[in-house]
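Starting off with a structure, shown below.
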Amino acid sequence: MFEDLPLFPLQASTFAGQVDALYFFLVAMATFFVVLIFGTVIYFTAKYRRRSETERPPPIHIDMRLEILWSIIPLILAMISFGWGASLFVHMSQAPEDALELRAVGRQWMWKLQHPSGAREINQMHIPVGKPIKVILASEDVVHSFYVPAFRIKMDVVPGRYTATWFEANREGEFHLFCTEYCGTQHSGMIGRVVAMKPVDYQRWLTSQAGEEPIAVSGERLFQQLRCESCHQTTSTAQGPALTGLFGRQVKLESGESVLADEAYIRDSILNPHNKIVAGYRPIMPTYQGQISEDALHQIIVYLRTLGRAPEKNPS
Amino acid sequence: MSVIAETTVAARARPPRRHYLNVNYGVRSWLLTVDHKRIALLYLVSVTLFFFLGGAAAVMFRLELLTPQSDLFEAETYNKLFTLHGLVMIFFFLIPAIPAVLGNFLVPLMIGARDLAFPKLNLLSWYVFIIGGIFTLIAAIMGGVDTGWTFYTPYSSTYSNSYVALTVTGAFITGFSSILTGLNFIVTIHKMRAPGMTWLRLPLFIWSHYATSLIMVLGTPVLAISLVLVALERLFQFGIFDPRYGGDPVLFQHLFWFYSHPAVYIMILPAMGVVSEIVPCFSRKRIFGYTFIAFSSLAIAILGFFVWGHHLFVSSQSVYAGLVFSFLSMLVAIPSAIKVFNWTATLYKGSIVYRTPLFYALGFIGLFTIGGLTGIFVATLPIDVHVHDTYFIVAHFHYIMVGGTIMGYLGGLHFWWPKITGKLYPEGWARFSALVIFVGFNLTFFPQFILGYLGMPRRYAAYPDEFQVLNVMSSAGASILGIGYLIPLIYFFWSMRYGPYAGANPWDARGLEWTTASPPPTDNFDYKPRVSQSAYAYEEEQKVG
Amino acid sequence: MAEIHGALAHQFDDPEQQVEASTLGMWTFLATEILFFGGLFVAYIVYRLSYPQAFAAASHHLDILLGTVNTGILIGSSLTMVLAVYSAQMGRSRSQILFLAATLALGLAFLGIKGVEYQHKFHEHLVPGAGFQFSDADPRHAAIFFSLYFGMTGMHAFHMVIGAGLLIWMALRAWRGEFSASYYTPVEMVGLYWHFVDVVWIFLFPLLYLIGRH
Amino acid sequence: MDPHAAAAQRKTYFLVFGALLLLTLVTTGVAFINLGPLNTPVALAIAMTKAALVMIYFMHLRHSTFLARVFAGAGLIWLLHFITFTLSDYLTR
């Protein structure tokens, strides 16, 4: 009968075991206290039931040691769960540098994914096991949430910005992909399938998806189509700052501050070009808000990242 | 129906000739009353109607969830049903239930006042509540709203095709009834206490209502303005939250949860107050650790405002903020644990009388323990990453709100029913329904913990096949729970007409409210109350006057 | 003392308790109001820190002269309000009514000037929504500024309108002789409310009008 | 209230009014001077001074009970807390 009645989720990522260990600690703690409280309440209620009308219970006075004891013990246990949880959470928030980057877009009511090779999927995610994978998430409409229970990961997909999550699958198989932030009528239909496979099988799968060009190539084509290069040339007379070697660098702004040129910055600079003006340039770039899809943004950003990290140059 | 076995001496006495219920008659005398006791009854009738409306919605979508496909209702209808359930239960039942019914009735009685400080404001709060309710109901009748009670942007402000603006207006208006009630309680508790009623002699019910009122007054306005902004964005394309207009959807979540997390404590704190009255009464003993329970209520109210970010652990909030909010959320465990341990210790060496209110109170202690402990799960960051927006959360907050608040509310209603109506309820039926509710509740919600950890997301009209067995268990439990709630409705009506007269103090309880007649006179006391005892002086005789 | 008949409500023991209860109630209500506006202030701070240039550029489209004049008018109305309470305290009902009327007049003048400003914004297409046009840089975030501008000043104006209604009511009650040197709590409470609305404006003025003017 | 104290009271009101008007002109004037990052803090400091004057003198907090002062402060403190904790997210993203 237990085939129909699952009681525990599959463990299919390196996080799963770690999260479950913490979970079991909490279950053990909770069970202890539930048994303690239920047991004590039932025992007292039975043992001290009123036996005669004239019974006068002895007054019990407040016992400071007791009060302190049962304040401190929960505090210690709560701090253990906090510390344990915090260290695991910080680990789960920092994707390794060498992670394979998949780009996902959520929209009402489907998941669109693109692999670095350019392979595209809808409501499916093929991944190799044994390799850290980072999923960069964008939304075309409302807030969604990217959830793979077998991996114990979840991240909201917030319109207007990038969010990301990462994992390393350690078990082959097919797992659920759910949207867990209520997103409208077909919210419960916004589900998909994660297929974790051996790296060789993944490579084979990728080649079977031939016909798509790599993301960076699409990005480069878009870059030309949108005529970005007419301003963002490498010459010193260019009206816009050069983009070679931009990614990962500190950029000095007109306002005197400097910002890290990460994906969020590049995204913001395309959609809200006037918000952060690079020092030495004028605010003349038009906004691409509403003219560029989330897919296309992903592609352009990947292309800009491939422009490499050129040696530090004075932007003016 | 069997009447309570041992009829007390008081029960053979006669009811007072004049009391607040028969002082005058007619619809006008009720709709224009400024008597806090009558207003409490107006609220009682209203929240009961809303409770069964919200319950009906729950029964319907639990039926839908019997099968994995969305076959009974379309997904759209399902979404409107769970939204209606959440909205009605939270804004129109759980938040007003104990404060506006029991609190309204008892706060002046317990502190020895003739009425609340602002009786007209009290009546106004009921009208505001009803107007807000009417808006929400009109929205529901016209076609409903499908945003979930959380109104997350930009779905609510731009994408939803349902009656969001109307519903938001309803919730906005209702918020003011809560503010007015809280304001009234704060002033009343500060300024209207009878001579000798010092702060440390106050019943713990008053302490918990004071703490609740602070949240109502300091939190509710933030919800109100957030809803105004949603409406402005929806109706006039004011850009605040929608990224298409340059806004940040997560800001709404901050504003919303700044109120809505403390709102959970608006629901649970009054129930804790009820339990603190019932347990000593039926243990015939002073409550253990009075000051600890009293100040833990304030601690919960204040801490409640420091933890809202734990609803945003996976919403792209910064890691730093996540750590801070996780840490602070853990601290809520301490005042909660203090309360549970002190109630349990009160039973020790007591002289325990088995009565329905006590069973509800003990049920509260047990279920609140489970709800509170699973609160530590969801305050722990990586666990919350996994269970956020799954059925684990649904189970957790139902253990607090249904296992906690409704148990407390029903316990309190049984405990003070003799004071409110002057009649006794049928003890046998009451015990039976308490048992049915306890069993039905656990069958409904315990499987949801398992479902949630398995990964079943909440707000799903259809779900993968492997979740079916647990969902069937949950739906079966819900039908038992539904029946459990109908039984008290029937016998309370029965007892109003046929119940034996209760006497002024059927439980031989301490507290000023038991020193006046049942039902009390309009001015509450025929004498000038003076207090010379601490609360719960069960080892002494009650001193009056 | 027929005038103060019914001044002590049945639930209170003595006038002192009643006054203290009213004052505490009013301050509690004002705490509520602070948090009501607080939601707007939080949104304002978050967006101003995110888009400082857009906020400065948008703020330049507000009329600083009208803003300053209006601030002066509102402060003046606070003075007449406090003098109305003072007159009530002294039992001078005629000057009390006059000061209430003056407060009302100044309040209405404030609302009138606000209306003129709104009209200008309307003509300049600076009202958020489909018709919004903004020639300077970063129109999307300038639109947030104007959303907040209309949200905050609109909410403030709404409070002023309620305040005006309360002033009329108080003047009528004073004219009917309901107040005396020993009972004037309602006027005092309306005064507290009116001053609170003034305080909100005292913050709105620099936050909305005075960004990046140098 | 004796006439002497009453006259003093009235005088205070007019003085406070004068101070408020003066501060309004100062805040508008200062806005046109470039103080670098200090413009906003100065504007807020002036606004807080003005608000304090109104609350202490016009709203009679000077003569109010301790409790009324606590509740007057509670709203402000709570708003500051609200702002700080919301920014704890935004400033660390």
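So that you can tell them apart, the chains are marked A, B, C and D in the order they are listed, and the count of residues begins at 1 in each.
Heads up, the rule we're going with is that a contact is a pair of C-beta atoms (placed from the backbone, for glycine too) under 8 Å apart; a residue touches a chain by one contact, two chains touch by 3 or more.
Since the model is a prediction, treat every value here as computed from it, not as a measurement.
Q: Where is the C-beta contact count highest, in terms of which two chains?
A: The chain pair sharing the largest number of C-beta contacts is A-B.
Q: Please identify the chain with the largest separation between its CA centroid and the CA centroid of chain B.
A: It is D whose centre lies farthest from that of chain B.
Q: In whole angstrom, how far does the Cα centroid of chain A sit from the Cα centroid of chain C?
A: 45
Q: Centre to centre, by mean C-alpha position, how many angstrom separate chain A and chain B?
A: 35
Q: Quick check: how many Å separate the C-alpha centres of chain B and chain D?
A: 38
Q: Counting only residues that touch at least 2 other chains, which ones in chain D make the list?
A: If we look for residues of chain D contacting two or more partner chains, we find 67, 74-75, 78, 82, 86, 90.
Q: Multi-chain contacts in chain B: which residues touch at least two other chains?
A: In chain B, residues 190, 218, 222, 246-248, 250-251, 254, 258, 316, 319 touch at least two other chains, as defined above.
Q: Which chain A residues reach two or more other chains?
A: 272, in rising order.
Q: Sort out which chains touch which and give me every pair.
A: Every pair of chains meeting the touch criterion: A-B, A-C, B-C, B-D, C-D.
Q: Provide the residue numbers of chain B that touch chain D in the complex, in ascending order.
A: Answer in residue numbers: 190, 218, 222, 250-251, 254, 258, 305-306, 308-309, 312, 316-321, 324.
Q: Per the contact definition, I'd like the list of chain D residues that touch chain B in the complex.
A: So the residues of chain D in touch with chain B come to 67, 74-75, 78, 81-82, 85-86, 88-90, 92-93.
Q: Which bits of chain A are touching chain C when the two form their complex?
A: 255, 272, 274-275, 277, 283, 287, 289
Q: Taking the touch rule as given, give the residues of chain B at its contact with chain C in the complex, in rising order.
A: Touching chain C from chain B are residues 108, 113-119, 179, 183-184, 186-187, 190-192, 217-222, 224-226, 228-229, 232-233, 236-240, 245-248, 251, 254-255, 258, 523.
Q: Spell out the residues on chain C that touch chain A in their complex, using ranges where they run on.
A: The touching residues are 51-54, 137-138, 140-141.
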